[in-house]
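Presented sequentially are two complexes of chain A, the first with chain B as partner and the second with chain C.
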Partner chain A sequence: MDSQTTVLKPKRNLWRDIKRHRSIYLLLLIPMAYFIIFKYIPIWKGQIAFKNFMPRKGVLGSEWVGLANFQEFFHSFYFWELLRNTIMYSVGKLLISVPLSIILAVSLYECRIKVLRKTVQTLTYLPHFLSWVIMYGILLVLLAPGDGLLNDAIKAFGGKGIDFLTNVKAFPWVVLLSDAWKEMGWGAIIFIAALMGIDPTLFEAAMVEGSSALQRVRYITLPSIRPVIIMVVLLRLGTILSGGFNQLYMLYSPSVYSVGDIIDTWVFRGLQEGKFALATAVGLFKGVMGLILVIVSNRATKRISGSSLY
Partner chain B sequence: MKNRQIWLIALLIVAIAGPLFAQGVAEPTAATGPVDLELWYGAAITEAGPPPDDWVAYQIIRDKLNINLKITALPSNEADQDVKISAAAAADNLPDIFMVRRETWLRLINQGLVAETDDLYAKMPTRTKVQYDDDSIAFTTINGKSYGLASPGSIAKNEGVLIRKDWLDKLGLAVPKTTEEFMNVMKAFTFNDPDGNGKNDTYGYGAFIEINNYEEGLGRRMDPWFGAFGVAGTWNLTKANFGLNVRKSAYYDAMVFIKRMIDEGVIDPNWLSYKKDDFRAAWKQGRFGIMREQNAAYAATSNYAPFDKNFPNGEWVIVDPPKGPNGHASVGVYTKAFRIYAISDKADATKRDAIARLLEWMSSDEGYFLLGWGVEGTNYTLKDGIPVAEGVPDKDYAFTGPKGQPYTQLRNMVFYNGQVELVSRYPTYVTAVSKKTMSALDVLFDMQTRAWTANIGGDTLPPPSTDLKRFYEQGVAEFLTGRRVLNKANWEAWVAEFDKLGGKAWEDSARVVAETNGLLR
Partner chain C sequence: MEIYETKTSLTVAKPSTVRLSASDKIFYGFIDVLLVLLFFIIAIPLWSTITLSFRPNDFIGTNLEGMFLMPWKWSTAAYKALMGNDGFLMAFGNSFKIMLAGVASALFLTIPLAYALSIRSLPGRAILTVIVLVPHMFDVGMIPSFLMVKDLGLIDHLAAVYLPTAVSTYNCLIMKGFFEGIPDELKESARIDGASEFYLLLRIIIPLSKPIIMSVGLFYAVSFWNDFFHAMLYLNSNNLMPLPILLRNILMASGMNEFVEVSAFGEAPIQAIKAASVFLAAIPMVIAYPFIQKYFAKGTLLGSIKG
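Let's look at the complex of A and B:
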């Protein structure tokens, strides 16, 4: 019997597998080429983070300076403020945008009026396609202290206008909420896709048992999409040191530098001064920190909830 | 099946290898063949496209100069220009000749990426005569060697303080002269409904933050107020009082005055949020009655048209800048502006000769008119020796028309602010709605007669470090928004912190450069 089983079990052979599924492997070549050219080859050039990079001397010819570029970043007068602002916006967006996206996705999934569902979904993901340049124009119309629509409303009710875009207390909320507005609909798509995969008989059974809509959301919907939620959160943690350059660069001004300047905007100003090695060092630092965060949080979630990214 | 796989593999190889070789392999130039030259230029009209592929200039340059010219427009935004050039520099892939801002250019010199140009002047006698005077050559000379070709840039003193005369007349006010008179007028413009629409929707002064290395802090739009206290611009370039204006006590006095403007509510509260286009849209919508604006941005046909349409009875007049308590007055600082064209260190002798030939031809009569205005009879006609848009067969193809503008994209490489250019560029015209006679040239001449502060070479002094620059800009803004309380003790503490962060060292290093280059007067 044993020997019969051995005969039936096919012998693993990688080359034979590749040959058999060659069409699939051929298709795989394109993304592999992308990752090799744009993601792996640049890693080799990442050594300029430890060099005084001179373009004419090239990557190999530039002299080694050890950790000097990292020290310049860590010793920046604004280092802790940059780090605080970056994490504040990354975590803030995570805490605001992800729950809002989930709520939107669940609401759309539960909505039984097809026209309304389609309309709301389209309207909520459209802002994703607007650039931050356009968004800034819209925000100025809404929030300008002199004649912004929101300030007009505040004044109409007897309040005092607020300098939303230049006030250090209001500015972070403008950043977080405008990001939520812009990305909420787009972020909901992945959750909607996950919701579509839930077995409808679960809902039918729950309804037969007399559960309310909220109970169904709590006991069926949310647990079913928990792996996707964890995946989204873990992936976002990997970019926690990127606070959203495009948005901040458009929205900030000198009066809100203290709460608007993030690592990437600081690096951008350095790049304008030709500090390529410094920018690379900071990029490397961000990448390593992101990797550590993903690994640690992935293990933590695996231990606590049983779900994980890998 | 097998054939299909072969095709699929071939397709994949092309798809993968294509991008790798996208830059192409430079064809070796035959000894007698045309020389390939790549030029990155600053577009004269940012909203218009590049010259078409069949542009007659390409053919002339090829036939007469033996050059295959490939041109690429740089982004209109200076920060984006820097990024594009820096990225090319990092890849050691700079074009043969390219326009570049001075700060970026200095870094490229340090990195050994731009070539010396001393030998080129003698090869282009006509161009050197009209474009490169002693000031121009000094502008690009570092340690005794010239590393670029600096053409005349924007016209000096081309901005002015403007006030709504129709508002003054309606409120029965005279043109203000002193800072206090200006304050009173600004209050009246803000609270006395100068446009008579019954709404509280106007302000005294309008501005936005427009900073460069010689107009740091709040930038040029606020300089008339700093000028009233004798501290316009980043630097004081006098022998007696050299230094950073922000470190002088008069700067604090100016800050107090501006804070008063904010507290009194006479400055458009959007000023810290405005970008340039927002500011310009705002004055055209009648939001404020006093501003500092550029001559063409105010008076050129297309720029004035929206204001003319919105306010046919509206009228701006140029006035002297406000006079401060000690008698100082200045619209702001001016320097001799240049556009630097640098040559890549990789350009060999053949290319360098070709560049000299090209630039010399640009300054010949043929090149000057062709690049400045296009083809005579198609894009312009001559009237008393001045190119004009009238009389061409198709108005769209006139040098001012939408289809004609692309042919003049390189005009900043040939113009030198001569009389022909100015008269042609700023023609006198009658506005469409109010039928006023306007001339941006007359406006320019008027602006140039007003009080200004000479700051020649101020733009060549070393820039601050990234952190110090931020500290400076953030600090002055925070004193005005109220995040920091503006009083003498706080201000002095802030200046002390500024010095500690490198402010004093910055001033000291600038002093050495200023003294070495004879910039102090």
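Let's look at the complex of A and C:
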């Protein structure tokens, strides 16, 4: 008898729980339908990466070709170029934006002039909300070869004007620095939140001990936000194969494809040119690698900081 | 609730009564100089774009001089030209439609999902979490999604722009975190009174969650307003063109003649028209910005990591 009740009890509870939440399940019907249609059917359609996809024949009707599409991609001359550009931009942005965001956050935290602090904080967050189309417009004002502000300055100092957006040497820097300009302030928010959590008595104690302001930054402020810095870096590494489609698509042109083409922009052109199966294979390659990276970086984050995003 | 009270504005008072040593003075001076420098680095590109948009047709001088042109010499010809242009107004309207319909459908899908995920006793919650996270972590790329939209017959409908991205997993998790922070006693007392879970959501959870719904709604609004990728992918006809696409066409045109939609401009220099269209496209974001900033919260911070 005893064993029977212990077996039955959770069952009855589960049923009761389900019944009690029936309106929630009803509420979930539309979101679930949405997920099936817009998230899961596309994943299923991803099988065309292994097929010789003909739009006429449809996803199911096209014939299987195994890994032929992947082989074509791995053996093509653009494979290494795409991979190199993509990683160059993600790592470059990480190396530039994260230190800048930390410097900005610490400076705002240490600044003793309230007006300056508020103004800079507000202004540096703003560009995050501007789209890359708008950013392109602003960059044209600055960088246009004939009448841009920067070329005016170069010419004023006797230099020769550069077309920054079509010059293979200048283009990567335009991408990296414009991203830093746009996202530096937004990236600083998380560090500012971490700084706000530092126990103020630490500073008071250090001040009593006669520490200098620089020592306090070096020995209190920076070590306190170290876990957050590590977390941000690890999570950014999880998206290393993204590189920033919207930015590169807006800024690049055929003359800088060799340094401006990343996996996502290539896939997009593949779609425009009707190379569905090949481009899907490239996208799927990126998706699988991205999944592995996200899982690894989340594991690492969890181990180091004790909490993860998921 | 706790989530929401974490402020990101800096309010820690630095002890100013303590006398500063010479090296500390240098340190704080350096910080101030650095911040002023950053101010100019962000402000100069914005200011040069704004002043360029007001530059009159007969302006002679360098760009540097243009930045210091006195406001009474400014010309609004570029704005008049754009605001009097049907193509521009239509694009503005299309973007607005996409934004409104997008935010409405996004919240309609995100709120129930986030609420269900926040109920700890919900049978099947773990499965639901997996269902939501898998597509987020495993991205198969744009082509399968494109084929789906095509099969649904949504090509050349505004819905194709906002439906595929209507649920952002980050926004959903932010909202779920907020819902979880609402004290259980509140929900329990309503349940004891015999309220259904649906009633609970409608009458207790949503009214208590106005700030998070506002901020998530604003984040959605920003992303729909700024989207040009999906519009480029799915919209072909000119009368559906949203502002980012039109703006891109205006910016890419080296002469206005190349740009058929906006052809009747003679009053303002072409550079001024480009800059003015940039500024007009940015205005809704600039207006919404103080509200967005007001709703910064710890929950939204997590989302900002990935952007």
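Just so we're on the same page, the second predicted complex is superposed on the first by the 212 of 310 C-alpha atoms of A that agree within 3 Å, B and C clash if a C-alpha of one lies under 4 Å from a C-alpha of the other, contacts with A are read in each partner's own complex, and residues count from 1 in each chain.
In the analysis below, a contact is a pair of C-beta atoms (placed from the backbone, for glycine too) under 8 Å apart; a residue touches a chain by one contact, two chains touch by 3 or more.
Note that the coordinates shown come from a computational prediction; the quantities given were computed from them, not determined experimentally.
Engineer: Counting only touches as set out at the top, which of chain B and chain C does A:Thr122 meet: first, second, both, neither?
Structural biologist: After superposition on chain A, A:Thr122 lies in contact with chain C alone.
Engineer: For A:Ser255 in the superposed arrangement: first (chain B), second (chain C), both or neither?
Structural biologist: After superposition on chain A, A:Ser255 lies in contact with chain B alone.
Engineer: Considering only the touch criterion stated at the top, classify A:Val168 as touching first (chain B), second (chain C), both, or neither.
Structural biologist: The answer is first: A:Val168 touches chain B but not chain C.
Engineer: Which touches a greater number of chain A residues, chain B or chain C?
Structural biologist: Here the partner covering more residues of chain A is C.
Engineer: With the two complexes superposed on chain A, say which partner A:Ser212 touches: chain B (first), chain C (second), both, or neither.
Structural biologist: Second partner only, chain C.
Engineer: If you stack the two complexes on chain A, which partner ends up touching A:Asp199: first (chain B), second (chain C), both, or neither?
Structural biologist: neither
Engineer: Please work out whether A:Arg56 is in contact with chain B alone, chain C alone, both, or neither, and reply first, second, both or neither.
Structural biologist: A:Arg56: touches chain B, not chain C.
Engineer: If you lay the two complexes on top of each other, which residues of chain A touch chain B in one and chain C in the other?
Structural biologist: In the superposed arrangement, which is not itself an observed complex, chain A uses residues 23, 26, 30, 37, 136, 140, 147, 270-271, 276 for both chain B and chain C.
Engineer: Residue numbers of chain B touching chain A in their complex, please.
Structural biologist: 5, 8-9, 12, 15-16, 19-20, 79, 82-83, 86, 89-92, 103-104, 107-108, 111-113, 201, 203, 209, 268-270, 272-273, 275, 278, 287, 345, 466-467, 469-471, 473-474, 476-478, 480-481, 483, 501
Engineer: Provide the residue numbers of chain C that touch chain A in the complex, in ascending order.
Structural biologist: Contacts found on chain C: 6-10, 12, 14-16, 18, 20-21, 23-24, 27-28, 31-32, 34-36, 38-39, 41-46, 48-49, 52, 62-64, 108-109, 112-113, 115-116, 119, 121-123, 128, 131-133, 135, 137-148, 152, 163-164, 166-167, 173, 196-198, 201, 222, 225-229, 233, 244, 247-248, 251, 271, 274-275, 277-278, 281-282, 285-286, 288-289, 292-293, 296, 298, 301-302, 304-307.
Engineer: Touching chain C in the complex: which residues of chain A?
Structural biologist: 14, 17-18, 20-21, 23-24, 26-28, 30-32, 34-35, 37-46, 48, 59, 103-104, 107-113, 116-127, 129-134, 136-142, 147-149, 152-153, 181, 183, 185-187, 189-190, 192-193, 196, 200, 203-204, 207, 212-214, 231-232, 235-236, 239, 245-246, 249-250, 264, 267-268, 270-271, 276, 279-280, 282-284, 286-288, 290-291, 294-295, 309-310
Engineer: Could you please specify the touching residues of chain A with respect to chain B in the complex?
Structural biologist: 22-23, 26, 29-30, 33, 37, 53-56, 58, 76-78, 136, 140, 144-147, 161, 163, 165-168, 253-255, 257-258, 261, 266, 269-274, 276
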